[in-house]
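Chain IDs A, B, C and D follow the sequence of writing; residue 1 opens each chain.
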Amino acid sequence: MAGSTFGNRFKIMTWGESHGAGVGVVVDGCPAGVPLSEADIQKQLNRRKPGQSQFTTPRKEDDEVEILSGIFEGKTTGTPISLVVRNKTQRSADYSEIASYYRPGHADYTFDMKYGFRDYRGGGRSSGRETIGRVAAGAIAMKILEQLGISITAYAKEIGGIAISPERFNLQECAKNPFNMPDAQAAQAVAEDAKEKIEAGDSIGGIIECVIQNVKPGVGEPVFDKLDANLAKAMFSIGAVKGFELGDGFAVAKALGSDNNDAFKMQNGKVVKETNHAGGILGGMSDGSDIVFRAAIKPTPSIRATQQTVNKSGDNIEVSIKGRHDPMIVPRAVVVVEAMAALTVVDLLFENMTARIDKIEEFYKM
Amino acid sequence: MAGSTFGNRFKIMTWGESHGAGVGVVVDGCPAGVPLSEADIQKQLNRRKPGQSQFTTPRKEDDEVEILSGIFEGKTTGTPISLVVRNKTQRSADYSEIASYYRPGHADYTFDMKYGFRDYRGGGRSSGRETIGRVAAGAIAMKILEQLGISITAYAKEIGGIAISPERFNLQECAKNPFNMPDAQAAQAVAEDAKEKIEAGDSIGGIIECVIQNVKPGVGEPVFDKLDANLAKAMFSIGAVKGFELGDGFAVAKALGSDNNDAFKMQNGKVVKETNHAGGILGGMSDGSDIVFRAAIKPTPSIRATQQTVNKSGDNIEVSIKGRHDPMIVPRAVVVVEAMAALTVVDLLFENMTARIDKIEEFYKM
Amino acid sequence: MAGSTFGNRFKIMTWGESHGAGVGVVVDGCPAGVPLSEADIQKQLNRRKPGQSQFTTPRKEDDEVEILSGIFEGKTTGTPISLVVRNKTQRSADYSEIASYYRPGHADYTFDMKYGFRDYRGGGRSSGRETIGRVAAGAIAMKILEQLGISITAYAKEIGGIAISPERFNLQECAKNPFNMPDAQAAQAVAEDAKEKIEAGDSIGGIIECVIQNVKPGVGEPVFDKLDANLAKAMFSIGAVKGFELGDGFAVAKALGSDNNDAFKMQNGKVVKETNHAGGILGGMSDGSDIVFRAAIKPTPSIRATQQTVNKSGDNIEVSIKGRHDPMIVPRAVVVVEAMAALTVVDLLFENMTARIDKIEEFYKM
Amino acid sequence: MAGSTFGNRFKIMTWGESHGAGVGVVVDGCPAGVPLSEADIQKQLNRRKPGQSQFTTPRKEDDEVEILSGIFEGKTTGTPISLVVRNKTQRSADYSEIASYYRPGHADYTFDMKYGFRDYRGGGRSSGRETIGRVAAGAIAMKILEQLGISITAYAKEIGGIAISPERFNLQECAKNPFNMPDAQAAQAVAEDAKEKIEAGDSIGGIIECVIQNVKPGVGEPVFDKLDANLAKAMFSIGAVKGFELGDGFAVAKALGSDNNDAFKMQNGKVVKETNHAGGILGGMSDGSDIVFRAAIKPTPSIRATQQTVNKSGDNIEVSIKGRHDPMIVPRAVVVVEAMAALTVVDLLFENMTARIDKIEEFYKM
């Protein structure tokens, strides 16, 4: 296991700390022949980059990716793809203080308990910079999915309690506001609300929704490697996620079977569902409908407001976290959600290729 | 991957269909020396057994486990433990009809899409009987956890919209009502409500909560194999689960960082948290507090009420599911939730044993 | 890892001890639609069955396989296939003595060191009966390979120093002598030689050769999961194997590059090799030629002749192993070699299906 | 699987091509607290470096390793360790010719068959430079083993048919000749013989022996993950290996059980073996004796001598491989053998930590 490895068929290993030499990922199991350039990956990294508005950390991180292997003449070769992003703005001095105590809501304490000590500079491995490897690998997964006609789109559904309205839902809006919110009016409300919280030295959370379209029915392995089970793990592996739900999610607890079941019907000669309470997955396998899930994101734990904690000498102390922190993580986490979804879907798509002997035979004769 | 395998260090492979010869599991990676008898496993199987009240299926399943390997003189030997439960009440005739159409809310359609055909008798592999293997393996994991002082307790927190009250919370009550509910009054309300729904040919869902106690800090692997990520996968691998949340869960989306962060303080010379919004896990590792999570369970899809669906010939038809089905799955799923939690925790506990070279050295010299 | 699991895509978990309730295997990842009956598996089990000649153990083991899951209407369903063979001739009394000491050449000592105690009856998990699970699972893998036109054939190349002659090589002979030897004359010589050794209470070893035909070029993963690397592991996982070589094997150590390289040439519009020193694998991938490898099998460690050893009280003692033991394991191991080869090839064949995006695309559109 | 990943508990992913930006490895699962510097790794890389004598390629490769993550204040942190070696002497022009045909004995043909095309520059991923990642990761594994008192030593036992003499065996000699041969006289003979073969434009192979000392009894998992099975895979994953044997190896085929069994006896209150025909492993687990194995290495396929082959247009052609190639790979492969052995032993050592519940309990209370 060992923690930093994800996927079985399209397998990635991420590495790197906030203030070490860099962060990166190796992808083992990418098929040969996928057109891939640094620009394809940079595009996604730029979407998660901080410093793009007043609502994310003002840190400028110039995350430039370099492909070190696995590409020849503009295409993947089938061998491991190594991607590295050098850390540039390392100001370790900023972090000398937090070496001595445990920040509430962070992994400082648990890292020390597990490993005996920790790289405290900027959160080390538990820094948000760790997600760069995910986004970079996810960009490759995305290229594969595109080639198969599958799309993945995530957006902020709710921030600080302010939700988008289904009536005003417009994906085009996402790029026009700093929140990745598909609703201009909600985004405006968030902007006002957030400004206030930020000034008070506080932080806010939210809900990200993700829609995966055009996955053929049957992807996902019954029992333990269900598509939804693997998505749940993928999402909960993102630092700030505290909840995950598929389709109607927690609302099913109050629903009746007669309402919650999605009726099948024939449409243009194909089996479709009249509704999609299930969120596009039945028995752990894609059912051909849109796959819809949501992840709850906690407020950033790094806040300026005064907090109680303990230091390594065992004293109760008061702290106020300084530094340039995101007052909300939702807008940037949207990109990470998409990346993790892409990695999960590609892995199970590949897994699904050996489901039937007749198709294997046909394939073997190709 | 291949779907029916779970865990890396304490690894299980489950097998079996509702109406085949039986169901079972093999456990590979159980340490030697654990006292284990069929009674230990039977005890847990009996808790999930149907036919124990009017609120679960009236089918009598006499699920008797047999240990086929891995035990010698009352103790595990370190070799694989094979457990089998023979199917007894196989009335395949009942199921001949559902072979021809896709039941809404079930995996019939996706199974056909994935594999080209399906064992339609009683749901085949997607039957609730599949969980017998999980519960049997979980019983062994539970024995190991007990030996380390760790306990896992799940219960129904809400059924059909009726929730337990924190004031009346009493674990002793769980065994006294047919709902595994730690609140006698809520259980009574559920009984009345459920009777009505059942009579109407409908079904209801609910929420299961689970508490894991006495896990030392540091269990769980940062990044992808976070304790919460693996719990999320484990829970979402249970057929009826549509939502999972840890600690405050979805409520964090509306919380402020200053409220959501749990302050650390010293207590009797130990670091503890004042609150537990985080649900006992920080950065993917146990923090020493109770681990608290919830899973949302959908209403049983098999309902007597009339539903729209399609048959294999591509006709729109109307169906009413006959047979002896659970009008609610929550009470029995409580046992499965505990089992999956136990399997997850044991696996990551074992994984954690190689976190530090100093401890490895000490161990190697033992 | 946990030891009793093999394969990543076509994954098996074997279980069982010599004198427990039985032995068996679960196969997770078998594609749906493979015609499979108990007879298909029994056929292979019968080939490895003891008691078929005076040169193998006179123990009668009536190894009857039962399929417990994963088959419906004569075909695999894509879900786990559980196979069990009940142990019948359990005479544990025979083994009470060996509980107290460590048999030379056996795993008694290492089992005790690893696990603290052992199931000493008939060797427990390290008994040759453990291979029943392999052969049963291998029979399923073989069915898949047949469907793709791939064949696997192993035979005894040498027993007790007596080798087959290339001139007399005739596969039809294998079934006509008790040694699985494709040379009647060599078999006759072995019979005479072996009789002598058996009478002296001793045992003999040999060499098994295996040929895999019609594997398309490109199967096997470069670097660590090379086809030959996985075959090496598969063969060395068989208890008695002490050496493994591919193609010219150890002879390459004395060869010149100009002799050892196989020249390519065009034949009927296809690329072929003039010679096959490489044994059908280049850079870890099948090259389209026959895959040819050999495994060296040690003499059975259970011998009647007097041996020095120690008992559990730490005394030096003399022992003579009684009981009905194989004086040579080679003839029966031939079947196990084929099974493990089949499991390895199927696994890497499946793995190879995601090597190229153009083929994945074509497949996805099927 | 995906090919470039090795190990389950101490897991590595290697990457890189001969003429890409560089080669490297990520190690996931290294315990925290291991003192580690670039010098520790460089030391091993320098041992495998080419250009150190007239008997290896005259290419000067200045393989300088950089640690990108996982180290803080001179110790491993428990998080992934990323190591990179930049390629410096990339003269792709040299290789334009070999793009058009398949070199005999190389992986050119199989790469093309598997992936549809290949990075032909310097062999791409199948270049010997791929082993840099193994040696770098092995250096870390070695540090862990040292801390536990375990040593691993490999050397050339035979080159081009000239073997070392047991009487003159002296490990100190290895560093004094360019062949890693523990016998000065044999090394001298090899030097003379090799010079002749090299001048003739040919290449030679040999046998590497490896001894692992001080592994406690019980390491290795019965059945499939036997210590010898995993070593066999590890060795056969090295490009040029065509044979692997443990202890007496292929000689067991001609031995009698009475000779081949190693008698146990008591010595200073400990159980020891009188002889070591088994090579230190019984039933797949270390038995406390030295673990001794050998790997057969083929002559380097790149030779100046004229060879027959085909080009990509399907013509039969004659070729003579130019460029600076190793006339023998044995001396440098010795370092790779040690690295792969170290990776295998560490992985199974960690695996072994959960063999007994009593030790797990003790450990959990530490």
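Quick note on the criterion: a contact is a pair of C-beta atoms (placed from the backbone, for glycine too) under 8 Å apart; a residue touches a chain by one contact, two chains touch by 3 or more.
On a predicted model such as this, the values are computed, not experimentally measured, just so you know.
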item	value
Contacts common to chain A and chain C (chain labels)	B, D
Interface with more contacting C-beta pairs, comparing B-C to B-D	B-C
Euclidean distance of C-alpha centroids - chain B vs chain C, Å	38
Whole-Å separation of chain centres (CA-atom averages), chain C against chain D	26
Separation of mean Cα positions, chain D and chain B [Å, integer]	45
Chain B residues counted as touching two or more neighbouring chains	1-5, 8-10, 14, 29, 32-33, 78-79, 114-116, 125, 216, 222, 355-356, 358
Contacting residues of chain D [partner chain C, same complex]	1-6, 8-9, 14, 102, 104-107, 109-111, 113-116, 125-126, 130, 158, 160-161, 197, 201-207, 216-226, 228-237, 239, 242-258, 260-266, 269, 271, 274, 278-279, 282-288, 296-303, 305, 307-310, 314-316, 351-352, 355-356, 358
Interface residues, chain A side, partner chain C - complex	8-10, 29, 31-34, 76, 78-79, 144, 147-148, 216, 222, 349-350, 353-364, 366
Chain D-facing residues of chain A, complex	1-5, 8-11, 13-17, 20-24, 26, 28-29, 32-33, 66-73, 75, 77-82, 84, 114-119, 124-125
